[in-house]
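Note that the chains are named A, B, C and D in the order they appear, and that numbering of residues resets to 1 at the start of each chain.
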């Protein structure tokens, strides 16, 4: 915890070293090909922090990298994919090979678990999952994470109870933050408002550091106030190759390239990890290798046209 | 329901006539001396719609008027007062006289009940109310609105379950709305985001009608999207004598005057109702009688200085 | 106009759009469902309200979005929100009139599998999982599924029920505790339009694609498939509809291939 | 400086502020609690974070707010939010270090009544009710109560427990299921500073106001009130503290009357 600090700005290396530990449950920001915390994920891979439980609604490329790098023990999520770009292949293979524990939920069920954590509640009711094998096969398989009770006010109506999900640390990429740790997410916010509030520690990377003066001028726009945040990492393009709403589009070329490597696995995948992460001292160096200035301008321009 | 309409703008008289019915459970917007839906409340009094159950977190002057006018059968809330301006006296007297049913909650407990309604859940867990007579005396008294269960994942830990609160209609005053029914609340939002979403019908009065173009230009600022709203009443000063953040301060003089009448009851109170509401065809006429232009400018100026 | 003037995929999309009415609140992802709902919006449902899982309400979708996080599905929304707002506050709240779903397997009770082929604990093939699909199937008033018709996709019982259809019979959803107890469920394939018969909780043939026989459909289906008494043929799209589809809804041909 | 140079009320406020530390997250309404916490902020806790029930986080409070809906308590907040954000997302979430409370009755276990005098179902006097008080008492790590010391305010048992103290004994809160099981509870009156003794779950005398005797306090209290072994005297405010209080915290004398 680093919440009692008036300047939380630090490098990704320092933030990950201080707040992500072996065996941690990590809340994954972003969704699909949008606003995934790629810079922070690279840093976890670089530092080789392992035995992680990854949690989120849709877990995408950032999760797949941690699984592919052998750093994940378990996932709890609603989906593992990159939507039109395909399944999260390292995740899929690890499940098929039996080397990764999974617990399946729906997106709303995971969001509900984070909501319970965010509100300090032990569990949240849900009307999803009823009548399905997500519930029944996992309960038969010994999972302790589901209860079905009767609605006390309508005794024949089953209601699911889901235990709160409280990550040890969440990693999130946002458009803006100030040095105190106030965070502004623009556009869609996925499960992040609840997940962040439910977490013991929170690392936010941002496209732009703004002044606390600006935060206080527009308090209706602050997504997460500083009392929930431990570290602010200033990292433009920090969600690359996924998009950041209002800043740049996803890079379809790089996503396809990753998916080719992830699908084949083996040396193709190892060399992706090596060239893109391990041989790079930091995320800026990764960006310099992965994407040139002209392509960056293109993706920015493409996003601008959609605003 | 009037949600399938591309122009929901109507008079307070029409909105109240269409959406507030005898016996309804009414969600009360605003809190204390801020943003109470006074214009809509006056209209309910004027139309004499009765047998109402009033629900909210803090119920204030708008509730007290409906109780004082003999239109309320029951309240469910966390507090009945106007903070520094005192108790809600008509409410207090009615409870002491045994003419009003009450169910007591904490503010968080009521907000939790609205949250359950907003999420389509039958109940919400709570860790408030435990160890108190709010829970025990009301349960002993026969209330069916509380259950205490053991946390299934920690069997010795009691957890309260509270049933969803789903108003038949909510009345809310906001700074801005468009004709489709998109609503922008600025500053504090009390329990309104959840209460409105939990309601079958929603009437919103607003200081200013803005264009849908403006709504779509700043979608991060919309508090409630139009799919939850049935009627939009354009009524500047619609929360008078309570404040509207960013627009005007509360009118301490009028609040004190009301409290004097409410405290004495009898003819003093009847004449307040008569002069301020029954003899006034609409809220603009009430305003003309209650507050002159110079005082309005003063209250606007006073708010401006706080921005 | 002859059947050569539109593709089967185009027909499936137009047929799906017919199940979307004006003023419907429609929960939709990307792909063919988005094409179908965009077509409905432009053709006969101008006041339709999109709700995107990621939180966008009533966006004016542009281009061909490749994700629910794509700025194209957020364009000029009346509100940006969170996943909880969309899936909890609109869908579970009971306000979604129509939801589109996909899946690897659909069984006779219209239960859907998007999780796994084989045993859950030692899977033969693992799929991405529910995502919002389970939530959509649990809470929407009407569920539309667009899929190719292959026998392996229509087994007697899904290997894994990810998203509930009628579970195990006409009253299966109510008994399971699902708030939307008797939704309309319509499955549109390249051979047939099926819908759940409320009396049995099972899929039955409602309308055949032009030129397709009941026999053909049954041969491609892994469970007994009755036919509604009045089972007719799917109405082909008009020339104007095809033009709208090609020129305005999917002008780049990103989702719909033009006929060869 | 003599006792004539500050009022008892000022002393109560300064004493209350001593229980607020730098970086504390403090949930506060209006009135004396706000004066005490504002004083702490300006005197020794510059990084204190106000959280207002109505949703404002870390406002820079101006003037003398008369309500939690007053724009003065929202001034330059880092975030505006909802009641659920503040009471659920911060308080019930376990992040409130300090909360201020008021009430009509406080009993030996520091339970508080702000609902009713007499029988709940046929009340002699009805008060406004819990508001956020029950939530504050249920979830904060430290609970501060500022009140006048009158015998009727300190009964053996509250007529109605609105907000939990230690309920009925040292383990009462844990058994009741309260997440904040052993909070510090401090009651500051014009006679005495009391705190709950963790060993008994009951209030005891911690410090006396200057010139007050244990006998005096006991005569004004409706339950047996032990005294801590080391019970001393409340430290008077310094001249600088009184100046800060009068000139910067409550310059209009809205809350604190100047000494006659």
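By our rule, a residue touches a chain if its C-beta (ideal position, glycine included) is under 8 Å from a C-beta of that chain, and two chains touch if they have at least 3 such contacts.
Owing to the predicted nature of the structure, the values given are computational and were not obtained by experimental measurement.
J.: Could you run down the chains that neighbour chain B and chain D together?
T.: Neighbours common to chain B and chain D are A.
J.: Counting C-beta pairs in contact, which chain pair has more, A-D or A-C?
T.: A-C
J.: What is the distance, in whole Å, between the centres of chain C and chain D, each centre taken as the mean of its C-alpha atoms?
T.: Once rounded, the distance between the two centres reads 57 Å.
J.: Rounded to a whole Å, what is the gap between the Cα centroids of chain A and chain B?
T.: 38
J.: So what's the Cα centroid distance for chain A and chain C, whole Å?
T.: 28
J.: Which parts of chain B, given as residue numbers and ranges, touch two or more other chains?
T.: Residues 119-121, 126-127, 151, 157, 159, 186-187, 220 of chain B touch two or more partner chains.
J.: Two or more other chains in contact with one residue: find those residues in chain C.
T.: Those would be 56, 74, 80, 84, 88, 91-92, 139, 179.
J.: So how do the chains connect up here, line, ring, star, complete, or something else (other)?
T.: Here the contact pattern is something else, fitting no line, ring, star or complete shape.
J.: For each chain, which other chains does it touch, given as pairs?
T.: A-B, A-C, A-D, B-C, B-D
J.: Touching chain A in the complex: which residues of chain B?
T.: Touching chain A from chain B are residues 116, 119-127, 144, 147, 149, 151-154, 157, 159, 161, 163, 186-187, 220-221.
J.: Spell out the residues on chain A that touch chain C in their complex, using ranges where they run on.
T.: Listed in rising order, the residues of chain A that touch chain C are 30-35, 57-58, 77-85, 87-88, 92, 95-96, 98, 104-109, 111-112, 115, 126-134, 137-138, 141, 148, 151, 157-160, 186-194, 242-243, 245-246, 249-250, 252, 303, 306-307.
J.: Flag every residue of chain C that touches chain A in the complex, lowest number first.
T.: That would be residues 29-31, 52-56, 62-63, 66-72, 74-75, 80-84, 87-88, 91-92, 111, 115, 120-135, 138-139, 158, 160-164, 167, 172-173, 176-179 of chain C.
J.: Across the complex, what residues on chain C touch chain B?
T.: 23, 25, 47, 49, 56-58, 60, 74, 76-80, 84, 88-95, 139, 179
J.: Across the complex, what residues on chain B touch chain C?
T.: Against chain C, the touching part of chain B is residues 3-4, 6, 118-121, 180, 182, 197, 212, 215-216, 219-220, 222, 225-227.
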